[in-house]
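Listed next: structures, encoded as structure tokens.
The two complexes that follow have chain A in common; it is paired with chain B in the first and with chain C in the second.
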Partner chain A sequence: MSIEVLKKLGKKLINDIQKNENPSLDVPIRTLSNITYDPKTKLIKLGNKTAKRYLFNVAHIKKFVQTIETAAISKELIEVNKHLNLREVYYKMRRTIPDTNINIVDEQEETNKAIEDLELITGLSREQLHFNADRNGFAAGNIIIKDRGHIIDWSKMGSGGWAIPSNVEEIEFKKVDAKFIIYIEKAATWERLNEDRVWEKLNCVIICSKGQATRGIRRLLQRLNLEHNLPVYVLVDLDPWGIYIYSVLKFGSISLAHISESLTIPGAKYLGLTPDDVEKYGLKRHIEKYKDVDLKRLEEVSNYEWFKHDKRWQLFFSKMRELKGKVEIAALTERGISFISDSYLVEKIKNKDWIE
Partner chain B sequence: MPTDASEELSKKLREISVAEFFEKNRHLLGFDNPAKAILTVVKEAVDNSLDACEQARILPEIRIVIKEARKNFRILDTSGAEIAQLVLEDGNAELRLGDNIIKPIEKKEGKNEIIYLFSYENLNYKFKIIKKENEELYEFVRGKTELKILKLPQDRYKIIVEDNGPGIVKEHVPRVFGKLLYGSKFAGGMQSRGQQGIGISASLLYAQLTTGKPAKIYSRTSPSKPTYYCEIRIDTTKNEPIILDEKFIKDGFRDHGVTIELEIEGKMISGSHSVDEYIYQTTISNPYATIIYEKPDSTKLIFKRTVEELPPLPKPIKPHPHGVELGVFERMLKLTDSRTISGFLTNEFSRIGSGTADQLCKLANIKPNTKPKELNHIQIERLWKIMQTFNFMKPPTDCLSPIGEENFISGLKRKYKADFYAATTREPFVYRGNPFQIEVCMAYGGSLPQNESAKILRFANRVPLIYQASSCAITKAIQKIDWKHYGIDMQNNLPFGPIVIAVHMASVWIPYTSESKEAIDPYPVILKEIKLALQDCARKIQRYIAGKRRREEASQRIGLFEKYIPEVAHSIAYLSEEDEKKIKESLEKMLKKSDILKNIQEESD
Partner chain C sequence: MSIEVLKKLGKKLINDIQKNENPSLDVPIRTLSNITYDPKTKLIKLGNKTAKRYLFNVAHIKKFVQTIETAAISKELIEVNKHLNLREVYYKMRRTIPDTNINIVDEQEETNKAIEDLELITGLSREQLHFNADRNGFAAGNIIIKDRGHIIDWSKMGSGGWAIPSNVEEIEFKKVDAKFIIYIEKAATWERLNEDRVWEKLNCVIICSKGQATRGIRRLLQRLNLEHNLPVYVLVDLDPWGIYIYSVLKFGSISLAHISESLTIPGAKYLGLTPDDVEKYGLKRHIEKYKDVDLKRLEEVSNYEWFKHDKRWQLFFSKMRELKGKVEIAALTERGISFISDSYLVEKIKNKDWIE
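Now for the complex of A and B:
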């Protein structure tokens, strides 16, 4: 029971106080230094390094207070069976300590981090703690689901698609006709594919999350992959950021390494542009020169443990370096309005021209 | 061959006595101006008293009195024109109308007032002094009209310095005070305040030159003997004392000691060059001395001793061969009683035994049994040169009497109320054959001024150095240090902020920059030793400042923690379902416990 875990956390602090010890929380470290990649499971795992976060420590006190306050809010939410969006949690905590100029939180980023820390400390997921993230993804395709008692047919969602909630645990898949999923980085590309009714032509599902996939979408993709054996193809731009979107879906992320198992799709396939595609489709003049941040990120990504020893990916990265710039998937529009739907995707999937 | 004229001139030169020379060059001895003169007189007398007490192993008690010797007034009529002058001296009043000097016809003394009545050319004048607690008021009436009376700035002071020393036997008194270059200290070889035996006689000379008044001296050597009293002047051409009056007094004097009373032209000033400052500083470098100071405005300051033990008496030493100058060496050869050069070297110098003496003679190609007076100038110079380069043992250092770290701090506490004190006494060192020792004492924080330059106190053989700060080795050494390195602010090359820096040099022979003994010559070795002592002491201050900063940060932290406690207590109470008030109290209690704080500091460092 989530509530018991939170109560236990409170008792632990009481215990510290009774023993006259500086009250502290053990927070697992969420940086690359505490991340291991398991080549067998192909998952990014969190190591067991933890950091003590003390109440009576100038450098820690603010985060300490934020963390236990989110815990208290979570306990309250579970008790009354309500959920709060991350934005709402921020507003609930946003206040100034009376007679001081100390704010409990200054930015939402702080409450978001505090909640992530709380997940690590308690071993409970954000959903179990009754916190929701913003929904910012949508889906369309040959699938019928049941959500809060309503039957929803993803093939009858019009131009907007079905908005994916942050918590997808309660969703029931009623009828799954689709044979695979295309996850799309850019909303514009999703709209192109939706207008072209690609999901109908190729009998699939198209899902978009505007950039990095949220947890809800990752979980949704994983469930479809696991429960209905739908392969997941990832359609992203040719740049280090796009590659990393694919990387997170497939191997997991550094900040959520503790829940990699419930979020990753080890079989995900890269269907984005490749350096060879740039040549093949004559997109050279659309190369946008790398900025310093791009180059730095490219080096980081290519050095991640899970890419470092993969010869195919290393060749890919070195070709990316040779290109000296990035190419967006939208550049394909040059070949024709529906070139991506009619030719690119069809050919790639038919020829199994993806990277795993 | 000298010409007749030059022989004549040198004869004349020899006839000018030392006293006469100093009469014409009084600035060399610290009598440049009235303000400095008053300080020099006090300083010479006090130095002598302290030296005498120390040598006789008596804990010094010294009383210094400065009185206005003569008061001058101007009497103005209603138009503001001066109609008369009035002089008040030793309780006697004198009215000066034009060239006429009028004595009072009557003096009436009341409880709090004195009235002088004058009469001149059928007019009556009344001068009234009204005594109040800390001041005097004056009234002047001509006939029935009250006139304006103005007190002129004081120009003459009576200085009395009284000690509880061993006293001086009657036979020596006139010469000690009335003959320049006379005194026991002149023999040298021991660390003491005075060095040349001119200071106090020069003060007598100055009094004589400016007021014409003789010195009054009281001396008593034991309770079983009467006090010897004399009034003396100096015959400046002969450099001999003239006794104007002498007698024995039976009662009314302490068991033993000397009192000297001088009347001089002077000016009392305030600030860093004042008599007050000299006395404050003297109390710092002599914590075992009780000093009573009565100021002209009759305020009485008593500085009780804070240390009940005299410093050990420094041992006299013979000169070290490295320190001796050629001229002095020649004179020593002429004056010695030794019959052989070998005997002369072993008897007159430290660190020369008979073996070393023979070795020196051999090196100088002189037979050890040569009579000292038979050496010619070339031989003398050769021997002297060999002595300067010969590797002797360093001079003994028991001839030095440092103040000591503890006593220096105790001294500094007499004047400065600070949060922290530190002191460093270096090991003795040698410059040109002379042993010396440097000590530094510092005070920091507390009531010391935040926005002023550091207070720098300079001492040589426990004597405060008041003038010529900028040319002194101590100031130069302080300027050479990067004080910021020790957490101390700087301005114009000098430390700045709530800090007092006191430096003491003890030596048998302090190299002063001039005869008036105001600044230490910055020899490189001396500079280096002072610098090392300053740095060592500054490190102690630095540690304190760092600790203080840490403590301040800690208290800021506690302030921060206190503000968060109610928030934390609320959350923990909700989570644990325990009593919020209890949690809040426990957390507050935790903050108050020092051991918790210590852990907190370690964790956040």
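Now for the complex of A and C:
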């Protein structure tokens, strides 16, 4: 349990003091040099390098105290079974050390970093430590969950859906009838699929996070994938930003490399628009010319380690270059209000027309 | 019914044609000169000026055709009981007129404007015409609704809440036990209040839209206010942006002046942080110095017609200037994890310590 890990950390420090040693922490290093892509697990991961941080060291003491303060707040939160947002943690930590004019933290960046260090030291995620980040997104489909004592049936959520919280660690999946999950980039597409009851027709779950998935949603997708074997299909626009959304879900990200294992879905499948779809569905007239920033991003994304040696993806990227522009999922509307629900998705899933 | 209004519009045009007249539309003018603040109704409203738009007029024909095209799409949507997002409507309209190389629309801006014109001509809101915009936000509390055949109990939504859709026109309120609504600017504050079950303790509803309220949320608040007499309290940070969120909810906005009556809540009350709270709750050390953009916004907001002649607000603004910076609701966390739920809100509501 999280609380035991925190208590062990505290005891270790007390032990250091009782032995008249300088209290210290082993903090894994998070610089780029310690981050690698592991082709076997298909994860962006943190290496094994660590650094020792001491209490009695002028260069270390501030960060040392900040980290221990976050551990104390985490322990308090777990004991009273409450959660705090990162911003609130910052205000809680922003106090002056008695008889000095030194604040424990002056900027939220310091709190955030201290929390990341605590994640690294304890091996627990921010969410397990009862710290929450921003939230976004909603879900509908054939799953019943239990959350804070409530039974919530995602197939009875009307036009809105169930709003996904920032922290999904304590959610129980009571009944999972759905056979797969469609993760959707755009809210408008989600509303289209929900109105067309796609989750009922295809027996699935539809989840949207409006752009890049939040940590809460990544963890929710991962839990459903790991605990219930639900494949995750990623439905995004045909542009470098859409591919990046898929990339983060599947391989992880550099900034969260230390927590890749509890956030990524290595089996995630790309179900977004493809250059071939543009031809097949007659969407050429809806190509929106790349701006410089799009082209730059396209080159960056296509050069990622995990795409670089993948012929299928390299072909995809070269066709994207030939298109000379982006195409949105919403462009399918020209073929009919519910074309995406009745034809596009049904065909793609029937023909296994996705990219792994 | 919406469909009757659209049919009437179509018949009027056919009638024009049969009488050999140039088909025309009366479109209310939306320039600033036709927008006023009405101190009696406390609404930002559109005046009575209209302009005639003709089919056979080179300066008018494009907009004329675009408006009629949106009417045709709206009729189709209402008939099949579906909805389209503004972006999807744009793609649906983006077709080439046969035997020409002219597209009905080239930019989404044109579709959006045509839809606004249709709102003005028909007196129906975009939502009643089955056009949806962006969505955001979530709700929890003592209300049971019926939506698309589902009974949804907002008091049994776990840690997430019910996700609020873009269009709330067709929602039925089946049981309203709540006595008031707290509208919350920040998702973190909403999660705090939800975890502390404030909606249960104070018998209310908590709604969040992450910043400026969407049209869907404004309409939801307004419907609960009008149909069930629920007062709306607005819980925002102490800065010009927070005050503006309150201002839009209560008085409307210039860009949506034509639809003020179906979106605003003239009785909305400001329950956000006040300069006096900063003193009372010892938050002075959490003042974050104004940037130039904040100061500029403060002057703009304090000069709005509806604040300019209100002594209480002018005193408020002058105290804001004296503070020289912003203060966030989250700063209350320093007083205790649940201080906002257990003390701040309870006291404010008990003492009617809000601003109308």
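In the analysis below, the second predicted complex is superposed on the first by the 245 of 356 C-alpha atoms of A that agree within 3 Å, B and C clash if a C-alpha of one lies under 4 Å from a C-alpha of the other, contacts with A are read in each partner's own complex, and residues count from 1 in each chain.
FYI, a residue touches a chain if its C-beta (ideal position, glycine included) is under 8 Å from a C-beta of that chain, and two chains touch if they have at least 3 such contacts.
Worth saying up front: this structure is predicted, and the values here are computed from it rather than measured.
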More residues of chain A in touch with chain C or with chain B?
-> C
Touching partner for A:V293 - first (chain B), second (chain C), both, neither = neither
Should A:L226 be classified as contacting the first partner (chain B), the second (chain C), both, or neither?
-> neither
Now for A:A331: first (chain B), second (chain C), both, or neither, which partner does it touch?
-> second
Chain B versus chain C as contact partner of A:A59, first or second or both or neither = first
First (chain B), second (chain C), both or neither: which does A:N20 touch?
-> first
Identify the partner contact of A:V80: answer first if only chain B is touched, second if only chain C is, both if each is, neither if none is.
-> second
Between chain B (first) and chain C (second), which does A:G158 come into contact with in this model arrangement: first, second, both, or neither?
-> second
Regarding the shared-chain residue A:L9, is it in contact with chain B (first), chain C (second), both, or neither?
-> first
Chain A residues where the chain B and chain C footprints coincide 76
Please give the residue numbers of chain B that touch chain A in the complex, ascending.
-> 557, 560-561, 563-564, 566-568, 570-578, 583, 586-587, 590-591, 593, 596, 599-600, 603-604
What residues of chain C sit close enough to touch chain A in their complex?
-> 76-77, 80, 82-85, 87-92, 94-96, 132, 134-135, 137-138, 145-152, 156-167, 170-171, 186-188, 191-192, 195-196, 285-286, 328, 330-334, 337-338
Residue positions on chain A within touch of chain B in the complex are 6-7, 9-11, 13-14, 17-18, 20, 22-23, 54-59, 61, 64-65, 68-69, 71-72, 75-76, 97, 99-100, 102, 104
